[in-house]
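Same chain, two partners: subunit A is paired with subunit B first, then with subunit C.
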Partner chain A sequence: MEIEFVNIPMVVDVPYRFAAGSYMARFLIELRDNGKFFGIQCPSCGRVQMPPRIVCAACHIKNGEWIELSPTGTLMGFSIVHLPLTDPTTGLPHKTPYTYGIVRLDGAYSTIEHFIDVEPDIQKVRVGMRVRAILRPREERTGDLNDILHFAPIGEA
Partner chain B sequence: MKRKVAIIGGGQTVHASRRHDVNQGEMVNEAVRAALADGRMTMDDIDAVLLGNMEFFEGCHLTDCWLADATGAYGKPGLKITTGGTVGATTIVAGAHHIASGLFDRVLCIGFEKQEEGDSSAILSGVAHPLYGRSLAGAAVGYFAMMGASYMQAFGAREEHSAMVAVKARQNARKNPYAHLKLDITIQDVFDSKMLAYPIRLLDMCPTSNGACAMILADEKTARERCEKPVWIRATETAHNEQFELNWRDVTNTRPIFSRVCAEKLYKKLGVENPATFFDVFEVYEPATWAELVWYEDLGLCKRGEGFHLIEEGQTEINGPIPVNPSGGVLSTNCIGASAMLRIWEAALQIRNDAGEHQVPKDINWALTTAYGGTNWTVMTALSKKWEDS
Partner chain C sequence: MTDRVAIVGVAQTRFSPKRADVNVGELAYEAIEQVLQQTGLEIGRDIDNSISCSHDIWDGQTISDIGITDVIGGHLRNEEKMAMDGSTAAYYATIGILSGEFDCTLLLAHTKMSQTDRNIVNNTAFDPIYTRMLGFDFTTAAALQARRYMSVYGITEEQVARVVLKNLSNARLNPVMHNGRDLSLDEILAAPLIADPLRALDLAPDSDGAVALIMASEERAKQITDHPAWILGIGSCYDAHYLGDRDLADCMALEKAAAMAYRMAGINDPRRQVDLVELGDEFSYQELLWLEGLGLCKRGEAGCITAEGLTARSGELPVNPSGGLLGGVPANVAGLNRVAEAANQVMGRAGEVQIKDVEIAVAQGHSGFCGQHQCVIVLGREPRSLSASAGRSR
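The block that comes next holds the complex of A and B.
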């Protein structure tokens, strides 16, 4: 006898509203209004952390001085993504293939992940490549990491 | 730990991408019954039940409560634990702590995941900070892809080295009747599989599995009285990374990364100088091929940048000098809430000489297991056959 399996489909659609908090809010406002990146420096170990946060994890003391960072940095890792991954914030898939990487801004301890404006070809991208953050025009910026369009190579065609 | 703790029983379900024949409770109960049978116990012998799975993967909160009948927790104390991919190992650590403290003598620990019931990728996107990185979250595949690209460029490894890990895992899985992906594949098959995110192809990644594992932990008195082959939990260790700092994907990074910190602390507890000879078998948490090569290095089985030589030389094969994941590992079976517990259970089976066809062909006295949580923290356990041998 054939067994009938019963499955009940269901969609759970949950709205959220996240508080950025004082540190992240100031970081996102600087990015949106002035197109600037800020890190925060630990008074003990000196690490400049981005995004700014209340506590240095390693020292567990309150972070101190806000440090403006250069929009330039170095590519520390990359991938060329072929899988049409969904942007969880919009529900829409990213257009593939695209180059994606982690960048360490000059002077920062931390890295940031973003799109890299390089042809999705492994011959054209390498760890150690110098890159610069390209921001959206001021009127399109909303105070989100998407205010960064991508990182583009410096001095490489 | 204040009192000695042993693994005195365990069991697992078969792992598969489809289990429409059972609901979550029925699937968990399969593992619970297998563990009780293995430990020659009934629920009356169990003092407490600890349950672990991923938050909301199955769309249900408080699984400890509404699976209470199937887990055996009815009328007993218990806990729900959820620490990401590490959860199966954390559940064992919590069970061991409850026994070591003297609070309980016999604890049933369960890990499960029924991934087919929800959208794991959608729920996992909630791991990324909502205001910093979530929109670009590249899922687990993106993280491991960057690790792989960075590894190749830094150390001169090639894509065939990760493919060797993919082949080893699935060939080992063919010897494990419970494994999900029992594939008779070659390096060429890996190369021919679909590119997901360079350099990760489909066969470089773990599957989406349904399954459960259950284990019974006990104090020394119970273990010696009731179990012929108790496996002793000699040390456990957990280490976290800091939030936002995901730069361990740059494998040349020399800062204290969770995996290396955790191994160092664990080795110090046990006085391990050369882990490659101290331990007889390893069960590591490798959702992607490159992660296994990085584990070789982070665990100190070889020097930094030389992990790919171990796979190339066959050193980590079942019959090699440093067997890693004879079970087929996470690459062959990933029912996430159970995956880290399966590492410990498979290591215990090796020590008991009960692994069957995937038994490592040598005397196994010590085993080491690892786990990944959110790929940003780890839980490690060290197991031994005898308590007296160190």
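The block that comes next holds the complex of A and C.
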């Protein structure tokens, strides 16, 4: 006898409105309005951390001073992605291939992960490459991490 | 009060890409029924604590243990759920028994990856305000870690492919695995790129399944079996959540968890003292990185010792003789299955995948992207008092 399997298809679609919190709000507003990156410095270990948050990740004490960071940095790692991951902002699959990278902005301890605007060719991208943040035009920025379009290589000296 | 704890029973369902015939409760009970039969125990009479491991978003239900509280004996009794890798269930079960509160604990981990989409589920592990909206998931985060680790330590793609070759070949011997096969290095290196440098065979495949264990105090353990796997040491440690706070070539959380577990177990030269390792190769390169974090070789050496065959079934230090996660083990079940396979080896119950004379085995599990949380369990054939050695380091 053939056994019939019963599956109930369901999309669990739960809407959220996530509060950025005061530290991330300031980071996102500076990026949107002034095109600037800010990290926050631990008064004990001196690490300048991104994203800014209430306590130091290592010392667990309240973070202190806000530090403006350069929009330029160094590529610490990358991946050319062939997997059509769902873009959470649209629900649609990403066009492949695209490149994700880990960037250490000059003056920061932490790195930021974002898209890297390079030809998806393993010969054209390398760890240690210098990159610069490319932001959306001021009028198109909405105050979230997509105000950064991507990081682009700086002509190598 | 007891200060020795043992694993006295181990059962696994068959892992499969899709089990459309069972819901999670039925899947869980396949493992629970087996482990009760094996040990001759009854839930109502013998089990005084239950710990389950599953994940709300994977199961599509908040409080994902709802579907299994009846089969695990949680009705009108205590049941603790952990939304972490299953290895941590063994950690908490040990602590519960050492406290003197419980004598006999039933552990269960279940996940049906086939019921949803791993990339969307794992995207929700990222901070909603920060990098989640960029679409990251565990595979792309792992690709960044692989690139970083390989670039810092000069690990080659061929060395990583040897992990796939070994583990899929080992999995062929293991009747519970579904991804076992014999491949050539060329075939592995020619698999389609998913997220460079990771190719299709570098990822643990989607799997459905469950694992159940019973852990007991010394007195109860000796009544249940003549061949328990004794807990010699446990360690657990978190790294930073944000990828940007870590150098992904490092695995400091694992180094610390291993140090805690080794100290309890009286292990000061793991390479010499450990006979076998079952670790969380969710992605192939992680086997190399975790071997280094477990102190079983120097940083950057894991690729070489793997290429030399040291970690093969016939090698000096077999690693994942069961086939590992690449052989096909569900998320969340992953680490509890590492403990299960290591315990079977120590108990001499590993059947087709048994390695001779395993006195001491190490199981490692991790949760979160790029191994944020790490748990290490050391198992052995001879019991060891845990309270005497469990003092904090000075």
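The rule we apply is simple: the second predicted complex is superposed on the first by the 155 of 157 C-alpha atoms of A that agree within 3 Å, B and C clash if a C-alpha of one lies under 4 Å from a C-alpha of the other, contacts with A are read in each partner's own complex, and residues count from 1 in each chain.
In this text, a contact is a pair of C-beta atoms (placed from the backbone, for glycine too) under 8 Å apart; a residue touches a chain by one contact, two chains touch by 3 or more.
Everything numeric in this text was worked out from a predicted model, so none of it was measured.
**Student:** In the superposed arrangement, which partner chain does A:86 touch: subunit B (first), subunit C (second), both, or neither?
**Tutor:** In the superposed model, A:86 contacts both subunit B and subunit C.
**Student:** Return first, second, both or neither, reflecting whether A:63 touches subunit B, subunit C, both chains, or no partner chain.
**Tutor:** Once the two structures are laid over each other on A, A:63 reaches no partner at all.
**Student:** Going by the contact rule set out at the top, does A:16 touch subunit B (first), subunit C (second), both, or neither?
**Tutor:** both
**Student:** What is the contact status of A:41 with respect to subunit B (first) and subunit C (second): first, second, both, or neither?
**Tutor:** neither
**Student:** Which parts of subunit A are in contact with subunit B and also with subunit C?
**Tutor:** The overlap between the subunit B and subunit C interfaces on subunit A comprises residues 3, 5, 7, 10, 12, 16, 18, 20, 24, 28, 49-51, 57-58, 76-83, 85-89, 100-102, 109-111, 113-115, 122, 127, 144-146.
**Student:** Which of the residues in subunit C end up touching subunit A in this complex?
**Tutor:** My answer: residues 20-21, 60, 117, 119-120, 123, 127-137, 139-141, 143-148, 151, 192-198, 240, 242-245, 247-248.
**Student:** In the complex, go through subunit A and note every residue touching subunit C.
**Tutor:** 3, 5, 7, 10, 12, 16, 18, 20-21, 24, 28, 49-51, 57-58, 76-83, 85-89, 94, 100-102, 109-115, 122, 127, 144-146
**Student:** Considering the complex alone, what residue numbers of subunit B touch subunit A?
**Tutor:** Per the touch definition, subunit B meets subunit A at residues 20-21, 59, 121-122, 125-126, 128, 130-139, 141-142, 145-150, 153-154, 194-200, 242-247, 249-250.
**Student:** Using the touch definition from the top, list the residues of subunit A that touch subunit B in their complex.
**Tutor:** Against subunit B, the touching part of subunit A is residues 3, 5, 7, 10, 12, 16, 18, 20, 24, 28, 49-51, 53, 57-58, 76-83, 85-90, 100-102, 104, 109-111, 113-115, 122, 126-127, 144-146.
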